[in-house]
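Chain lettering (A, B, C and D) follows the sequence in which the chains are written, and residue indices restart at 1 in each chain.
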């Protein structure tokens, strides 16, 4: 069903497998004239690279994006923009054995079944988190587009941060802390506890889940295309499609289940809203307030503990996955969440132009 | 951006406003030969109609679906299938006043802004829950399609039920109780408390939120189209687009944030899974286990309490919405959740056929 | 494959069969604020109705379009716009017999095969020219949109006319003659011969083919979306999909096969083109010159002559189709060609706005 | 409007410019398990390469396709299949001067206007025929898919051949002659005259147009998705989008304008058709007969003759294009026509599976 494209006006198509020659993305619908350089892509990719922290994967990809079409004299041309990222630090040997069975929590079983054994199984192949590097590259382009769209109040900005790792939740929000934080956490005290917890998990050969929060600011009112392409529905679609994401909520989210209308409604005065329980959308269209979403991220499925599973040949086996794995995937998913948000917003900002300047 | 269609292979387009002449849906991609009668549609619509319970809206639509194309001799023809539902019990008078200001928690402000004042404001117009009757009609067609698809193990089934209303949560699950329950609740004891709570809210002129759970059984392994059209991502998209939904999660959902990999991974033995924390998908493809999702539903925004808001003319006002409103929208959203799930599944089941029987 | 929609930004979906209750069209993507009334649709439909000429079908449909959604206070709302046209003058009796065999030149055989006998066969069902009334209604909406798009030089206009009927070709072009002409012919002398020829065909129980020419004026440079959604490619797609069309060409068309580059190139001076052999596009993008296309229209397949064919039951039979048929379909296809051109242009004009006003 | 993809089920997206680093194509929707090697692509690309004939361009690209994703162990995996073709023999110097003005008959003017001067102008950039190498690569994949689809009567085959160059038309059809012919011509006597004509044009610094014919054999009845995605309409769309194509017709094509129904109808007996004036489709669905289309190809616009044009700076100039150009583009467009036909057929063959095996 051609599931490798997302977006209707700003449309991206990703390709490539974890241990093939390269991964990449084609962006169709990027307007001409946007300044863009390989460095812009690389700066974004840098954010997704594993930190040097002890709990991160030791796979080290240079992750240099090479723009191979759609650019001329440092600006987009309006033609399809393609970014390729070579797969350099491949250790196919590590994965040879894992190709023979279904790793619990991974997509090995479902890919094998769906593609009838023809899928590339090395390191998860197409289902690997490696594919998300393409999304980050496309997100960097979407961001540049929105930053250079001048009759747009050029002020849309967004970021995601870690609000929970295991049992540790953040209590304070200091935005500046996010950027210097190895866990992209806005609460330094909480971050220390999170790091300690992650190190304990690593020592135990285990992994740990968490939660991220996405905040979009400076968004104009009016984005969203009901009744199906609502802004919140499309963000949910884009973000639920990121590997390891198990839930999304907007505004007060699941907490609304316990609330009364008089508590939850955002009243208005002086042409603006008096609160933001809705999280920045009404009827699936942006209100102009900030958009707030939370995203549940499961623990990395690759763990250094004995697990029961089934070999492709059919017999029951016990496995123990060694290799290069993140103990907690949250900090590395954050740039992917940001990228999917930029990509989705680019689609809606461009869509919004269709009906403007008419009449 | 043409946001009124959903689905790629089994594609539906809804049209119509709350207080126009009719609402309806065109389904393109329905295969020929599926037995279908107006009664099948009507049975589904019946499930969405307000109960006679004191806390339900008193708007009484006959809600008869009339199939006006795509059917011949009681079977689908393969041509676009259109269902129209007349709007009979309109009380435009009730809504004349509400057209002059932005009702808190409704989409009045965002529609007015986006469509520059040209939208039909009566009763919310296009943003009204009235539109969801079209989705239920299309869901009934999708259900018939899947029920009549015989080299599909004709056993896909699904239902949603209320698991929380305000502070009251269900503790037991007795499936048979759902169908006879006015709140579509599987726990009779909990339901009594829920009804009491709803009646209290009604007496206070207030409304109350809740949570629904969707369970899909009998689904074959292999449905889902990575990397963007994952089954869970597409279900999230379809369900987040239902009015009043503020969050979706699959399997253990947000609880994964506090879990370790060793707890969360679903190990395997004897060619099957030993648990279902994932909720029925891995890598966005169905595992063959049951799919379990939970959906957060906000309290009805129309409340009989004084609220501050802004008139379209700009001044601050205080309003008090009387009229015909559900105190708790959960039981009426449940058939809409079911419909969106059927529609989404029909798309993926048909998509799955593309690559089968090759080679 | 959901083949009943066309357009990406201004998207129409038609539904309905020749002898069902109604036919109709849903338009998604129509901007808000366009003035529109049932009368606008009806005026367009009127152009498609059979003339009173002796050689026209005697089926008499009132063909009143009823706008049932997407309009409020006489203007479009931005919601899906639906037009329904009742099927009034049905003579299912006439068609009962023809449902039992495959009429030569009609789609009876292919529909029966493709839809495995489930298609509505009455009067051709979905394949009937009756469906084109929906296109004309949508074309009227597209035309209003373009006429009311004011930062578009509101000067796009278009018309089609008959340039050949059987062996008779036009020699002079007097535009004013087209509107008063029963055959939509710009050459009164030729038209007289054409009418005579058509009458002879009718007397012989036969039918006759012809050719139409489409001329689009006032089109801005820059419309078209290479490399696949070129303006000429999309016009060809839209027009080849009209029943009875067997060929399309643009500019010098098939005559280029015999020409040299020095003859065919359109040279430039003083910032404009010195000729228009290309027919108004280069590289699939409008040049700003007028667009000229010619369209081959086959003779009506229903003829009052003995023909050999096969019954659905399998045996060889001889038939003779009596009933209400146009002898020459060209004049009735002309408004459909115009409609498909308006619909296609609306799509490209709206698409063009996406990348304007950026930077 | 994202015009760089074509197909709905078997969807290709091309990227790259004439003088960038590479061109390429991503194919989404290719089923898993199809045997495929770089050599298969290269064999197809070889057919598109200029001949050594004196009248061909002297640009010599190695044109090796490198499959960089979607393949494992020599078979497709079901993931996006990407083919890259490096641009090796670039002579950007040749094109520096031509970037300063609008070459008559090329897309320079329209691209410059549409993309507001940001397009890559070197050698036509995105509008260059160079892009068609990507289509040929994708066509090779589509062909392999159809050849390896075994419950399809694996007998679909197709080819195109030259039927006219300038004033010289073919009179005899000897299929075996096509493959050995430098002009892909089935009439050796005619070909000699064609070559002579082309050489005369070359000597005169001029170019010459022509006509190709596409013949598809072994196609099953039932392909095509009315009412807009008719098989003939989609073939017209795919082929009119090839650079230099100015017209398409199917079956008797424009000749129907002069014919009567009794001549044009294909009567039936013994469950098959007695003639094929329709060219293999009825109502836009394949009849099972062979499909016959003719395509008008304009003369190469680059000619070695003085032409008037306008510089980007605005002044009138006279130019004379030297460089490496084909005198007649027909033989090099033929593999592109074949590729677009394979791509279109793959889409419809896969679409056809959706509704099969139901009920």
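Operating definition for what follows: contacts are C-beta pairs under 8 Å (C-beta built on N, C-alpha and C of every residue); 3 or more make two chains touch, one makes a residue touch a chain.
These numbers come from a predicted model, not from an experiment.
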Topological distance between chain B and chain C, in contact steps: 1
From chain C, the most remote chain by mean C-alpha position: A
Separation of mean Cα positions, chain C and chain A [Å, integer]: 46
Chain centre separation in whole Å, for chain D relative to chain A (CA means): 39
Rounded Å distance between chain A and chain B, as computed from the means of their C-alpha atoms: 26
For chain C, residues contacting two or more additional chains: 1-5, 8-9, 14, 29, 32-33, 78, 114, 126, 351, 354
Complex interface listing, chain A residues touching chain C: 8-9, 29, 31-34, 78, 148-151, 350-351, 353-359
Contact set on chain D toward chain A in their complex: 1-5, 8-9, 11, 13-17, 20-24, 26, 28-29, 32-33, 68-70, 72, 75-82, 114-116, 118-120, 125-126
Partner chain B, residues of chain A touching it in the complex: 1-6, 8-9, 14, 102, 104-111, 113-114, 126-127, 131, 164, 166-167, 201, 206-211, 221-222, 224-230, 232-234, 236-238, 240-241, 243, 246-271, 274, 278-279, 281-287, 294, 296-303, 305, 307-310, 314, 316, 347-348, 351, 354
